[in-house]
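There are two complexes below, and they share chain A, which is joined by chain B in the first and by chain C in the second.
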Partner chain A sequence: MSELIPTCALGGTMPRTETFGALTLTEVADLALASLALRRNGVRPAPMGMALPDTGQWHAGEGIAAFWTGPDQWMVEGPGRAEEDFARLIKAEAPDASVTDQTDGWVVFDIASSAGGGRIVDLLAKLVNIDPRRLAAGTACRTGLEHMAVFVIRRADDRLTIMGMRSAAATIWHALAGAAARLEGSAT
Partner chain B sequence: MTRLAGGLIDRTRTLSFTFDGRSYQGHPGDTLASALLANDVRLMGRSFKYHRPRGPIAAGSEEPNAMVELRRGARQEPNTRATVAELYEGLEASSQNRLGSLRFDLLAMNDLLSPFFAAGFYYKTFMWPRAFWEKLYEPIIRNAAGLGRLSMQADPDAYDKGYLHCDLLVIGAGAAGLSAALTAARAGAQVILAEEDFLLGGRLLAETHLLDEAPAGGWLAKVEAELAALPNVRIMRRTTVFGTFDHGIFGAVERVADHLPTPGNGVRQTLWRITARRSILAAGATERHIPFANNDRPGIMLAGALRSYANRWAACPGQKVAIFTNNDDGHRTALDLAAKGVEIAGVIDTRGSVSALGNYPVFVDSVVENTRGRLGLKSVTVRSGAKNFDLDCDVLGVSGGWNPNLHLASHHRARPVWNDTLHAFVPGENGPPGMTVAGAAMGQGSTAAAMTAGASAAVAAMEGLGLRAAMPELPRAEKADANLYPLWHVPGKGRAWVDFQNDVTVKDIRLANQENMRPVEHLKRWTTLGMATDQGKTANVTALAVMAELTGKSVAETGTTMFRPPYTGVSLGVLGGGDTGPHFRPRRLTPSHVWAAERGAVFIEVGPWMRAQYFPQAGETEWRQTVDREVLATRQGVGICDVTTLGKVDVQGRDATLFLDRLYANAMASLKVGMVRYGLMLREDGLAYDDGTCARLAEDEYVVTTTTAQAGPVFRHMEYARQCLWPELDVQLVSTTEAWAQFAVAGPNARALLQRVVDNFDLSNEAFPFMACAGLTVCGGLRARLFRISFSGELAYEIAVPSRYGNALMARLVEVGSDLGATPYGTEALGVMRIEKGHAAGNELNGQTTAQMLGMGRMVSAKKDAIGSVMSRREGLLAETRVLVGLQPVDPALPVVAGAHLFTEGDGHSTATDQGWITSACYSPHVGSAIGLGFLANGAMRMGEVVVAANPLQGGEVRVRVVSPHFVDPDGGRLRV
Partner chain C sequence: MLIPHPLLGPRDAQEFTYLGDAALLARPDGMAEGALGAFIDYVYLRDNPAGVHRELWFHEQGDRSWLVVTRNTVTHEIIDAQLARDVALARKGAVA
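Presenting the complex of A and B:
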């Protein structure tokens, strides 16, 4: 463990969280990420025993999850493992694949609804041009949000994750918080 | 008061509002126009050019005349149609386009001068002298002919945007739209029903037709309730679908709070992008008028609008009503108004054998020839056969037939088709994919036809989506034919208005014909017909028909102008989405941003990035002091700069080496593991594209860097090469720009400083020489990457750590290096030092320069092929003699200006004698004067020569000496110590 103290993407030492009516936004600072791409004609590995999801899907295993990011490419998630060398761990699990550390490449925001999936759908409509019917629980896609490229993951009917450029964390927060506040009728 | 009985207004509540400062009362359900008419106010505005007194002619969004400035202060909105502005308590409106009061508008003298203001007058009148246009003519014309005024204050309201997806979008909730929505909704489809009005029903709200022998309200309520209860239906009231775009995408504006005094905490309007698999356009029809002399007086309205005001809003603009019609629909107005107790002066019918539908006089074979009444109609002159007579009336309803609202079906350039039976343009073939037009918008104007058409269109749309829909049981409704006999204008002497909003008359069209402006697109632009906020909804077809008559062609041959979005005006605020100021566009912050802000750094926008430009210290009064200090401190001790913004791409795969060798113009295959090489990429055309470094981390793993500006484009270029040019190669790419915080640590003390943060890593020159790279740990086990590369010309490194540690590492380096002179520096000092060292940057890599010009011609390897290599050797590029040189003013006190052009001393300053230009310039604290880099013809052979740097834009010229571009350490000894 380093002597240095990490800074969260939004600039604080602690991740930010805020509730707007039924919607709660949380900056997730401890999610480890590693991109995994098959070598040409490579065999699809099963890191930590988890089958990698098919096109457009997100899939969770034991202490690990992954979503599809492109042909033969995935992003592997390690909840709570940001401080570990997660890429090395995944590389050991998939030695024939190209693995790259992506933990700090992204800012991760979880959005939870206490009023069911309907509110998530309403929020999605204000954020991304994705048909919510196609973004059912267990799916993920890359799309544009306020002129930025983001990943949108529907982890459950009432839970959404939005991942964007870490450097643009404040802009993304502004977009998410603004949309949530307007939806819930509270001023920003 | 001319409030009638009945109507869809809530008489249990009264709303107070003001118009031009006077107070009036209305009811919920009223529009501003209906409430004013109910208060006997029918003069609501002045016309665009002639300042003629005007009142509303329509009852919907097609209104050309009744435009007001709505609200006060920052919320004041000009050109708001009184016919769609919903009444609310405290509404404030003012008339516009007048000088003085509305009743005595001083600019009405324009009306007397009308012969001078014919169509095209300003193309002819204000041509000379040329300089007068901008300063004199235009301001005067704008002042006289403008519409409403802007508040000149920032918009205080919030706007929102969003995206919706559906199986079927139904545009318009009249008889056709409701039937369509009901049919599709029952089939289980996701349906969006968008209605521009605040009530569903369309014309059903304005008519007295019976549905199943009962008033339409009962059926409407039933359908609305069923739709509202279905979870797969989204009813959007106050929502105008304004454009049809590609791929089934529609633009729509929902006026969320325009009917409220202020939006409060909510948004004013929402811009929706609706993606629909199928769409049904059920936008209804717009009634057309028949031009005759002085047909623009307040009190003269479309007959259908009179019915709307009477039936829906219980308002009538006068006491005694006459109707001028060429079809049966005009008679309906007479019948409905008579039923409300309004006196009918008579129906003037152009047709021969017609009889009254009720107890009112009918004048057959007759036309209205002229009218009287300065601020409002008093009488009309009727020509009946050979005789003329005056008919007293204060209201005239005009009905010339109905034009389908087909605009949205033509946004993809599908040509409307003239229908000789309907005497109207109807949507043609090749409309937007997936769109069906139904109801009055297709010319199916009777209630029964509209309902059947809407439901049938929905059944067909569902079938296309694989859903089974059944025709709903539709109520029995009227299916009368209007028996229209076309009459496009009444010939005569006076001015007969065709386009009310732009003051275009039959005479103007005649003039256009005389001046050979006959094609419809010329007619439109020359007369301005069909322009402005109403886009000629009540004028276009009539104008075409008049032109057809003048040229002796049919309307079909004459054709029509095309429609483009928006269908009705859309505020720029809602298109912009509401985010302004720092939120106007995405902003990217560097990992050490928090630390830099705490240090009082001055930031500068670099694309979307906010980078520290310099770090002022106490006592420094201007930026140059700070930058000079940062440069000298770096060259004498050690400086630290956040360079995270440079693009980083992780390249892996068995063929990574081959891939990079083909991507870079210089050799990469020979790069050893643990080493870095400078790389230059060319474009396909052989010009320089981008430069950066390529570090080999393992046999099959590299990290390459790009310039900040080209990080995205270069990554895209690499993906293109990987996926399209050489898909056979085993290469995987991923951007890691954001993942690593990277800092330049430069200066003679750089090694000593880094030694204090690395964990057991040998930094000696032997173990870690110039251009080495390695993975290591710092500060007690933190993963890091170290590169010994230099952009400043000093002994330098770049150190990278996971981004979340960037802020802490920056602080740590400055803290532990205080005795070594550790100094943070910003982009300004970075720029100065790279100019002093003669390194190319964006100014030199501007897309017009070659490797040869940059002094890197020999880097383009002849031993291999790479993107752009062959093209870089073409004759035209090889013949280029301009090369990068350094420039130093002969008088060290004089400035060097980037962008200045270079000339041989004694030559004139012209394109023919141009010798090159200055790309970058700065004050060099190392040299002690301003310096510059530039491209100079035969520059390599002109060292020591004095040339002239001319700056004709700002004036001034400076004599500069041609020197080596390397002002600092030309042989590079400092890099290698």
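Presenting the complex of A and C:
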């Protein structure tokens, strides 16, 4: 087989990153994802010793994290594990649940603020039609962003992750970069 | 319009899609006596009340749960929202 060159969702060989004033947007290419759904009346598993979060929550364990995506459904995250068979690992940890690999279906953008959580709240107010104060640190929700369905995860007061369809990566980047640039008063 | 999602709190109606009368949850048994008549009712006949109406909404840009929303079609006031799963299971429990 010929040598293949892996490309990121935005088409580069390296993940894209760009800074707008206090806000830094970063494409995250190494996050492994697997969806986990309970079968009917199934018992909630604890993959790799991590309790799965309750409704609307995001929770991190040791080298693993998860957020709630629907009743009895979660998305499990494996930072830095995108090139491993992450779904198989999770399935072994939760044999009675339905586990599906999601890694290459999504594009993940991290947004970090060097000016505290207030700037993240301002950005959220521009991006999504949800009261940003309800999206406190440790919460996650799925909502619409410029007519695309995305997951919004507030990992910390000053850190936000937007996860959307990989095929719409450039459109989501355009939306995020535009909002961040207008907020920070810098032209794109 | 905001829909008070029973799990997620108030969410914009734009995130939802509308299906119709919540009576659709009560699908008739196709093998029972008089199934043809029951299905004609089920498929074609709907009440169209000016007032309180129970209807099915899908949280498409959200957690993808189906809701039974009780809405006043005259004032657009939303009186109640429940998970359709709970409503259907309660109904099944009541029938069984």
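Some observations on this one:
Convention: the second predicted complex is superposed on the first by the 185 of 188 C-alpha atoms of A that agree within 3 Å, B and C clash if a C-alpha of one lies under 4 Å from a C-alpha of the other, contacts with A are read in each partner's own complex, and residues count from 1 in each chain.
One rule holds for everything that comes next: contacts are C-beta pairs under 8 Å (C-beta built on N, C-alpha and C of every residue); 3 or more make two chains touch, one makes a residue touch a chain.
This is a predicted model, so every value here is computed, not measured.
Once the two complexes are laid over each other on the shared chain, residue contacts for A:S2 go to chain B alone; chain C is not touched. Of the two partner chains, chain B is the only one that A:S35 touches; chain C does not reach it.
When the two structures are aligned on the shared chain, A:I130 is found in touch with chain B and with chain C. Legend: residue contacts after superposition of the two complexes on their common chain; A:E146 is shown touching chain B, with no touch to chain C. Considering which of chain B and chain C touches more of chain A, the answer is B. With both structures placed on the common chain, the touch criterion links A:A170 to chain B but leaves chain C unconnected.
Once chain A of one complex is fitted onto chain A of the other, the partner contacts of A:V121 are absent, as it touches neither chain B nor chain C. When the two complexes are overlaid on their common chain A, residue A:A60 makes contact with neither chain B nor chain C. Residues common to the contacts of chain A with chain B and with chain C across the two structures: 129-130. Across the complex, chain A is touched by residues 7-9, 11-12, 14-15, 60-65, 83, 85 of chain C. Across the complex, chain A meets chain B through its residues 1-9, 11, 29, 35, 37, 39-40, 73, 82, 85, 98, 100-106, 125-133, 146-148, 165-171, 174, 178-179, 182, 185-187. Residue ranges of chain B in contact with chain A, taken from their complex: 158, 160-165, 190, 265-267, 273, 275, 579, 583, 585-591, 593-594, 608-609, 644, 650, 652-655, 701, 729-730, 732, 734-741, 778-783, 801-809, 812.
Contact residues of chain A toward chain C in the complex are 55-56, 68-71, 129-130, 134, 141-144, 149.
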